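Two complexes follow with subunit A in common, the first pairing it with subunit B and the second with subunit C.
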Partner chain A sequence: MMSLTKIRLFYVTKKQYKYKLMAYSGLFWTLAAVQTIAILLSLGGTGGWNMGRGTILFSIKTLSNEIIVLLTFLWAFAVSVILTTKSYRDGDAVFVSNRLSSNLANGAFLITYCLIGGLSAVLGGAVLRLIFFFSTGGLGIVSQNFFLSPTELAAGFAVTTLYLLLISTAGYLCGILVQCSKVFVVILPSLFFGVLILAGRDAGIREMLLQAINFLVHESSFIMLTLKAILITAVVFGIALLISNRTEVRK
Partner chain B sequence: MNAVECRDLIKAYGKLKAVNELSFDLEENKITGLIGRNGAGKTTLLKIIAGFLQKTAGEVKVFAENPFNNLTVSANTVFVDDNMAFPQSLRLGELLDEAAGFYGNWNMGLAKGALDYFSLNPRHYYHQLSKGMKSTFNVVVGLFARCSLTIFDEPTAGMDAGARKDFYRALLKDYLRHPRTIILSSHLLNEIEDILEDILLITEGKKLLHMPVPNLREYALGLRGKSYILEDMANSREIIHISNVGDGYAYLVVKNDITEQERYKARLVGVDITAVTAADLCVYLTSGKKGGIDDVFNKN
Partner chain C sequence: MSITFAPLFLLILIIALICLAVYGAKLVIYIGRIKLGWLLTGYFALLICSPVVLWLLPPERLSHPVDATSLRKAEAAAQNLFPVALTGRPQSVNGVRTLEWQFRLDGESLKVESSRPNPFLNVMVEKTEENDGIIEATYFFTGAILGMIDVSAQVRKVEVTLTENTLIITEPEHYKIELIKFSQDFMAAQILGEDAVRRPFVFDLIWEQLLYLRIPQGVQLQKSDYYLLSVPLEKEDAR
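For the complex of A and B:
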C-alpha cells in the first residue's frame, strides 16, 4: 500500500509565497529602478511659474511626489500582469501546487509588494525634499507642507498602499482574463479607451464615471476608504480566482 | 491497488483527438514505459495524469482521485520534461532546497551527491546550463523528490550517452530503495527496455498494447525467406510488418502463434525464423499500414 503525502492548502500556499519572494526578487529591482527614475523626473518640479518685472524675477516651483506615486501605480499594474503570464504560472506547477494555492500565493506576494511600493513611494517624497533642501539651500523653500509629520507619512503610506492594492488586483484580473483568452488583449484596452471617449462626448456617462472615481478617490474617511478598498480588492481577486481555477498549466 | 486508472479517456483539441478513448490501469510501484512515435499523444496523456491538463471526456483517476488541479495528486507527483520553468534568480543549490521544502520524501543527500557526480555546480544558475545539463538537473529533481508517482517525459533530451546510462542506472537503484510508480516516456525503447517492467504502446492517441516487457519480446516472430513462400505462409495470419529485402526475398513479422510443426516446415523451405526485439516490434506496430519510408522512395 502506498503512503500518500497529505498536504494542507495553507502549508503549500505559505511555501509557494516564500518561494516566490526568492524566485521573483528581480521584480523588486524593477521597483527600485522605477522609483529612482521617478525621483529624477520629479526634481524638475511638478508645476510652477515665472513672473517678473524689471530687475525682479520670481520663479516658483511646486514640488511633489506625485510622479513617484503615479509611476509606482504603473509598476504595480505591470507586476501583477506579469505574475499571471505563462512562464510564471508554469513556474508554480514545477513544484507542488494547484490553481488555488498558486493564486493565493500570488495574492500574498502582491500584498507584500504593495506594502513595499507604498512605503518606498512615500519615503521617495522625503528623499525628494532632502535632495531639494541640500541642492537649493533652505532659504528658497516655502516651508508650508515641506516638513512631514510622522502621522502624515503614515497616512500617506496607508493610502498609497490601498490604492496600489486596488490597482494590482485590477492588473491581476486583466492578466488572468488575457491568459484565459487572447481576445481580451483587444477587448480590455478598447473598453478602457471606449469608456473614456464616450465620457468625453456624453455627459451622462461622464457623470457616472466621475461618481465611480469619486467613490474611491474623494473619500475623506480613512476607515471608509480602507473598507471600500479591501472589499473591492477581495471581490475582484475572487473573480480572478474563479476564472483561473479551470485553466490548464504547463501546456 | 492501481496508481493510475484511465477509462475511455479523451483529450480533444478542436477536431483533433490527441488522446482517443484510452483505457488502461497502471499498477502501483511498477516502472512503465510509455512508447509511441512523435505526436502519438504521450505528452498530452502524461500531462492529464499529472493534473496539468483537463480531460475532454472519459475518466482518469490518480490515487483514486481526479488529478486535475488536485493538491494531493500534485504533492505526490513529480513531472519531469525538458520544459521545467525554474526561476532565473535561484542557483541550482537553492532550487534543491526549495524542492526539499515542497516534497515530503525528498532525499537531499542523494540529490547533492548526484549534482556533484554530474559536475553540476550548485552555485550555477539553471538558465546558464547546456541543454543536456538542464535535462540532467531535471532528472535529479524528479528522481530524489521520491514521489509516489514519478513521470519522466522524454527526460534524456540532449543528454550524452554516458549521462543517459547513469540516469537509467540511478533510476533503477533508487527505485529499488524506494519503490514508486514510474512512467517513463521515450522513443528510444532499446535504451530503456531493460529497466521497464511494462510497456504501454500508443499511436494516434489510441492504445496498441499494454503488457510486460518479456511478453512483448515473445509477441512476434520475424520470417525471412523467398517472397512467394512467405506469401503462402502469411495467409490467414495477422501480419504486423512486411518488407522486401531484395532479390526476391522478403521479411515478414507475424504474431507469435506458430506451432512446432509449422516451424519445422518453414525450415525445410528455407525460411529463417528469428525473434523480434521489443524496440523493432514497437516501430513496426506504430508505422501503420503505409509500408514504411521505403514506399516514399519507391513511389516518387
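For the complex of A and C:
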C-alpha cells in the first residue's frame, strides 16, 4: 500500500535543488569575486617576449583567459568541498529527505554551477579584451585572436564546463571522504603532495600521471571528450554517493 | 618564486577560496541581498554583453600582421644591410630607408661623439677620394617588424649634428615598444585545434640600423665613443 507521506525521489530532489539554488546564491558572489580577481591578475599578461635593441625594448605581452579558467577550476573545487560541510548539509533538514536525494540535489546544483562557471570563465576572456581595447584605444593590440568567434565561445564554454564538472566531482568526493572520516583531512593533502613529489623524482610515475592527464587533455574529439568526462564524473559521483550513504548508516 | 612552492601555493589558494566561499556566502546576510543582487546582475550582464560589444569594435583600430611579401622584404633588408654596408653600398639594399645630413668641416680632424654614455649604434666610416671638407652622414634603417606587426612608425630615429669638429650622434633615450597579443582560448583550442586559416604568429624582431659616414680623405678621426668600422679601401675601389 502506498503511504500518503511517501514522496517521490525526483520531487524531493527538485525541491532541494531549488532551495539550494536560492539559499546558496552567495556562492555566485564568490564566483564573481574570484573571476574579478582573475581578470585583474590577467591584466599583467600570461606570458611575453622581450628583446632589447639599442635603447629600445621591444616587447610582446601575451594575454589569455587561462588565469580566469584556472581560478574558476579552483573555485569549483572549493564550492564542491564546502557543499559537503556540516553547515551546508544542515540545510537539507528543512525537507523530508534522505541522503540520496540530498546528494542528487547537490549534483544538480554542481552541474548548474559548472555551467555558469564555464560560461562566465569564457566570457571573462571577452571582458579582458574589452578592458585592453578601451584602455589603449586598440593601439598596439594584435588583431590575431582578438575577436572571439561564436564557435570559439561555444567550444570554450563546453570544454571548460566539462573540466569544471570533473573537478567539482573530485572536490565533492574529497569532501564526502572528509565527512566520512576526519583522517582524510591529513590523508588527501599528503596523497596530493606525495604524488607530486614522487612524480618529480620518478620518471615512471610522472609518465603514468601524464598519461592519465593526457587521456582527457589530448582528446581533440568533442564527442569523445564529453563521453570520457561524463563517464569519469558519473563513476566518481557514484563512489561519493556510495560513501555518503554508508556514512549515514554508520551515524 | 621557485616551482617547488607551486603545490604549496596551490593548497593555500584552495584554502583561501574555501574560506572565501564559506565566509563570503555568509557575508551576504550582512551586505544585504538586494545590493548584492544588483552587483551580481551587473557582473553577469557585463559578461553577457562583452562578446556583443567585442564584435562591434572597429577592427581597423587594431594592429594587423604584415603580409608575407612585406615580411620577406623587411627580413632581407635587415639581413643584408650590415654586410652590404661593409662593401660601401648600403643604399643598394632593397627596402632600406634613409635620413641624410651634410656638414662642412673646418679643419682636418673629426671627433665622433655620442649624446649617451653607452652608445649602441653601428657607425661605419668611408673616406672619400675628394678632400672638399664635406661630411655626409646617412642613417640607414629598415622597417621594424615586431612579431609580424609593423612598428616602424614608433621607432625613434637618431639625430646627427656637427659642432666645430665634433660630430654628435643623438640616440633616443630608453623607451619601450609594446604589443599586446591575445592567445586562442586554450579550452576551445583543445577541440578546435590550430585554425588553418590563421598564420602562425612569429615572436621575432626584424629591424636593423646603422650610420654611414663619408668623410674627406685628409680628415683624421680622433678617438671616439663609438667603435668606428672603416670600409676597406679595396672594396671601395671595387665599387
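By definition in this document, the second predicted complex is superposed on the first by the 240 of 251 C-alpha atoms of A that agree within 3 Å, B and C clash if a C-alpha of one lies under 4 Å from a C-alpha of the other, contacts with A are read in each partner's own complex, and residues count from 1 in each chain.
Everything below uses one rule, namely that contacts are C-beta pairs under 8 Å (C-beta built on N, C-alpha and C of every residue); 3 or more make two chains touch, one makes a residue touch a chain.
For clarity, every value in this text was computed on a predicted model and none was experimentally measured.
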Which superposed partner A:Tyr24 touches (first subunit B, second subunit C, both, neither): both
Touching partner for A:Gly137 - first (subunit B), second (subunit C), both, neither: second
Partner chain(s) touched by A:Arg201 [first = subunit B, second = subunit C, both, neither]: neither
Touching partner for A:Asp90 - first (subunit B), second (subunit C), both, neither: first
Contacts of A:Val127 with subunit B and subunit C, given as first, second, both or neither: second
Touching partner for A:Arg246 - first (subunit B), second (subunit C), both, neither: first
Partner with the higher number of touched subunit A residues, subunit C or subunit B: C
Partner chain(s) touched by A:Lys15 [first = subunit B, second = subunit C, both, neither]: first
Touched partner set for A:Thr151, first subunit B, second subunit C, both or neither: second
Intersection of subunit A interface sets (partners subunit B, subunit C): 24-26, 87
Subunit A partner contacts - residues on subunit C that touch it in the complex: 7, 10-11, 13-14, 17-18, 20-22, 24-28, 33, 36, 39-40, 43-44, 46-48, 50-51, 53-55, 57-59, 61-65, 116, 120-121, 144, 146-149, 151, 155-156, 171-188, 190-193, 198, 201, 203, 205, 207, 209
Subunit A-facing residues of subunit B, complex: 1, 3, 28-29, 47, 50-54, 63, 69-72, 74-76, 79, 83-90, 94, 98-99, 101-105, 148, 180-181
Residues of subunit A that touch subunit C when the two form their complex: 24-30, 32-34, 36, 45-47, 49, 51, 53-66, 69, 74-75, 77-79, 81-82, 85, 87, 119-120, 122-130, 132-133, 136-148, 151-153, 155-156, 158-160, 163, 189, 192-193, 196, 217, 219-222, 225
Contacting residues of subunit A [partner subunit B, same complex]: 1-7, 9, 12, 15, 18-19, 22-26, 87, 90-91, 93-101, 245-246, 248-251
